[in-house]
Amino acid sequence: MSYYLQLLLNGVIAGSVYALFAVGLTLVYGVFRFINFSHGELITWGAYLTLMFYTPPFSWPLFLSAIPAMALTAVIGFSQDFFIYRPLRRGNPITLLIASIGLSYMLRNAVRFIWGSDLRTFDFPPARGMEFGGYYVTGIQLLMLAAAVFFLAILYLGLTRTLWGKSLRATADNLELAAIMGISMPRVSASVWILASVFAAAGGILLALDTNLEPVMGATNLIKAFAAVLLGGAGNVWGALLGGLFIGIAENLGVAFFSPGYKDLVAFALIFLLLLFRPRGLFGLLTGVR
Amino acid sequence: MDYILHVLILALIYSIFAVSLNLELGYAGLYNFGHVAFFGIGAYISALLSRAGMPVEGAMLCAMAGAGIAGGLLAVPALRVTEDYFGIATLVFAEMFRLVCLNERWLTKGPMGLPGIPRPAWIARGVDGLPVYLILTALAAAGVFLFVRRLTGSPFGRALRVIREDEHIAQAFGKNVLLLKIKTIVTGSALAGLAGTLWAHYISYISPADFTLTETILVVLCVVLGGRGTHWGPVLGAFAVIFFGEAVRFLPIPHELHRYVAPLQGMVYGGILVLIVLKMPSGMIAEHRRNGA
Amino acid sequence: MKRWTGILACTWLLLSGLVSAAEVKVGSITPLSGKLSVYGEGFQQAMLLALEEVNAEGGIKGSPMRIVFEDNNSAAAGSVSAIQKLITIDKLPILFGPAASSNYLAVCPIAQQNKTILIAAESAAAEISKCGSYNFRVFPSDALQGIGVAELTHALKFDQVVLTYINNDWGVGLAEIFKKKFLESGGKILDDFAHDEGKTDYRSEVLRVRKSNPKAVVNLTYIKEGATILKQAYESDVKTQWLMGSASKSPKLIELAGEAAEGVIGTYPTFSQETPQYQAFKAAWEKKYPDKKIPVFGEYNYDMVKLTAKALRLAKSMSPEDLRQAMIEAGKGYAGVTGDKTFDANGDVGAVYGRWTVKQQAIQDYK
Amino acid sequence: MLRVRNVTKSFGALMAVHDVSFELGDIGITGMVGPNGSGKSTLFHILTGFYRLDRGEIFFNRHAIANRPPHQISRLGVIRSFQQTRPLPFMSVRDNLIAVAPRQCGESIWPLFFSPTRVRRQERALREKADGVLDLLKLAPLADELAGRLSYGQQKLMELGRILMADPRLILLDEPTAGINPTMIRQLVAVLCRLCEEGIQIFLIEHNMPLVAQLCQHVFVMDSGELIFSGTSGNARRDPRVVEAYLGRESHAA
């Protein structure tokens, strides 16, 4: 029994990081109606930029390194939009998709170019996990959970209590209506990109702290985020959150029942089952004919 | 120059692959980001059958049929969703296919891959067989090209374009959109399967690592670069991409800078994709130019 | 600055191409880009060191020897393209095969059909032995290592183990040989599963290990996967003896896993570091690359080039058959840095298996 | 011909169409009016299968068509237009017409390769038919122009042409005259009258009241998802509910 509970616990922690990735992805979808493939690279860049400030010549402490890294990731996210997505927004959403795939490929190879394909790490000494009645949690895992809760709580407060959050949600609900209501689109779009980038970077840093850094780390986790977004219904922030948790738990518990080689398949299979039975996601809304 | 033959064979195989994707992506507006799965299914089916002793020609036909059926099986659930979800569904399908190939070792030998895939009995092994294999590939490519041209130049292709431009109009005028899309995906998948089987019997070794998202990006690049929804575009795109990749070999790059070549190439490919959609959305050959648009 | 280096290199290459009529050229398919490029650079440096020595000794019958390097993108398709180019454009009779068994297996039939000699310095899969008469390997086959790991397990008196292995050509091949040997000799495998290559989270795999509560775990994997697993097992307080293969034996493992790597025991194909050959190699390496450590498989790549040079000198002519005979002849009793390189009927060499362990954050021989 | 019984459709809490029942005869032009958001277009979407309905039944010539997919309904001869013009902008005007023709054997893969003559013959027939329709609409000079380059009014006419190509028995037009100039409206009305004479039932949503009065023998008025009036246009103007719901409000606004 404790075996399954431990798996569940690990699933919750992994899932909370997936949720961080998924929230940004789903926000971008909600406001701009396209699936941003290069979201995964924001994760990677967030982690690698932190490493850059953490190692010589900067050698800043970790928490200090994370701040400029997140800021720079936000700059990347914002300039993606400014230079590439914005000029394309009037056209077919599919061109946006192709552009984002190209961009993702470009950014991933840029990481390889600058930092090499090799595995990197923050060089933290491994620590024995803390034991709570037979369950083990490491400090970093706790940090992950805490940071995820922190970020998501801020998001919750921001979206529900501030005017900014309300205008964001209004835009995600109905783009044209929001424009009529006098919500400033450039400001909303800037805040969406900054939010998505910061969340992706934060998730990437946590992931890197827990494990390692490598150029494909974002791309591999992006599929999990996709699955979470789909599960929650695209554009639905809370759905993405729950979806992320669900994916984390499902794939970790799955290992108990079949070969770990199929761990990734859990998220994929979930996506597929969902498309079969609930094409709009669990919490998704119907969209009609124009 | 056998090497030239080799590059030509590769380019022709990629042309078939790109033409098959263009049928879906260019004409029907179906953004299949998992097209490599059908290439892979074709390659695996035909490799497994021919290694089990079936004549290569038969194995190739089975591979095409298998890839087509797999396309149909994917299409039915995947088409229930809107177009960007369709992209994700197909992408996920391709990854699932790769994972199954990696893990079902009793069938696919997993990561070990399948070596020693034979060529048709009447083609010599080794370099001596290259000219004949090139002719075989060229014939297949010409066949595929003519077939797709007949398909897209016909009322069928016109109906696909209606669907691509405005699905609701197509429905309002009695087109069975779902059925037409399924037919397109089945055809496209079978042709991708053909490309896959030609590739498998040519390279003579396949493993799951050959069927990743990178291959999909490459073939999407071929189609988008060459020109979506045109007859010659994907062929041109495939030749351009393959020749560019091989030309890099002849650049005198000092040994110590070699580490930077592949990432740089990747950045170039990604950058080209972005630039095309920004600056040259219709690719090298534009679909509507002849109409003066 | 870099541009000038580039232009200079171009000119040099062009010029050397013009005056190199008398060179004896061999080819090499090397992972200079892609995921194995981290290793490729080291292989190349070791080969270039050997080449320098060969040419200092007077080359091949008076002509200098040269290696044409061809990148394979660390992939099978790239390897095939590379070998096609080397065989048909450069028309080279001897090639050094690509790293990673799957890539090697992709090209070896092509070499065999074209009667081109293909030599492996790092590809370990047992399957490679079946590649054919033109294939040679200066690195021992996994068939030997699998047995070596099984013997280690028995020697340490572990009858019941959990087996996990990396889900790629190397891991699967090795695990199968280990399993066969271990079960034959009366061992029991409690649980047996593959883990994915390149993952960052192996906690659930670790938990699965813990579920069987084994005294020992045989973990046949690479460096980063091994390090992650060790680290995450350590975090969740799995107390077991880890037994590993040769591919995890690297200071990088300790760098990545730190404290968690302490006490790991593994096998690796070994050779004496006391021999004059090794001492000479080490000195030469330190002289040529003063600030670089000897890379993984560097010794094997070095031996491969030196042995090939010897074969080229022995060969009666450059015909495939003569070269093949010369290779066999050159190998007979050849004492390289990595030991005896006498080829058996499959073109394989024998090996001595050593045991390594991690003690006080350093790799040491296990006694 | 068309019988609608107790049709209800809601989006979440919003009741878009509530318990609507009516019948259309075999021929004639029927108008539907009502303020914006009263559920007219939603009703069209339901009749043509684009929206699923929550409750109710729809029969077209004894076929139950409720919740059937749009293409099946269309194949029975129920052809619609959309509120905005929706040309296929990158096809020529003629191709816009040919493409929508029903029952093309060339849209299946087998006949393409095994009875090409049949396909070719049908293509030729369709081309002639399309040119005939373009003549009727006075669009013949523009036949080879890209549809995207036509003026808004010309596109509206071309859309009517597309509908004619589809051998309709019931035409549903969503605001056919919105945004086009009086000359075009006259042209359009002439075509509609001619179709009506040929025995095709036309059902249109329209805001142009004089036009409705001129064209339509019968008028439905919708308000807040409910059908509040059915009768002649003359009576509609005198009905207090209609006046309050629609005309009244409009006259205040004016």
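The letters A, B, C and D name the chains in turn, as written, and every chain counts its residues from 1.
Basically, a contact is a pair of C-beta atoms (placed from the backbone, for glycine too) under 8 Å apart; a residue touches a chain by one contact, two chains touch by 3 or more.
Since the structure is predicted, the reported quantities are computational estimates derived from the model, not experimental observations.
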I'd like the most central chain, judged by C-alpha centroids against the all-protein C-alpha centroid. B
When the contacting C-beta pairs are counted for A-C and for B-C, which pair yields the higher total? B-C
Rounded Å distance, chain B centre to chain C centre (Cα mean): 34
Averaged-CA centre spacing for the pair chain D and chain A, given as whole angstrom: 46
Averaged over CA atoms, how far is the centre of chain C from the centre of chain D? Could you give it in whole Å? 73
Going by the contact rule already set, what residues in chain A reach two or more other chains? 116-117, 259, 261, 264, 289-290
Mind pulling the chain D residues that touch 2 or more other chains? 50, 82
Sequence positions of chain B contacting 2 or more other chains: 102-103, 168, 259, 262-263, 265
Mind listing the chain B positions that touch chain D in their complex? 150-151, 154-156, 158-159, 161-162, 165-166, 168-177, 180, 183, 187, 287-288, 291-293
Which positions of chain C touch chain B when the two form their complex? 2, 5-6, 9-10, 13-14, 32-34, 37, 40-41, 44, 48, 69-71, 73, 75-77, 80-82, 84-85, 87-89, 101-102, 105-110, 113-114, 125, 127, 167-169, 171-173, 194, 197
Provide the residue numbers of chain C that touch chain A in the complex, in ascending order. 34-35, 37-38, 167, 193-196, 198-201, 203-205, 207-208, 210-211, 223-224, 228, 231, 234-237, 255-260
Applying the document's contact rule, which stretches of chain A touch chain C when the two form their complex? 3, 6-7, 10, 14, 116-119, 121, 123, 125-129, 131, 136, 138, 207, 210-212, 214, 216-217, 220, 251-252, 255-256, 259-261, 263-264
Which bits of chain D are touching chain B when the two form their complex? 48-50, 69-72, 74-75, 79-80, 82, 86, 88-92, 95, 98-100, 102, 104-109, 112-113, 119, 122-123, 146, 148-149, 162, 166
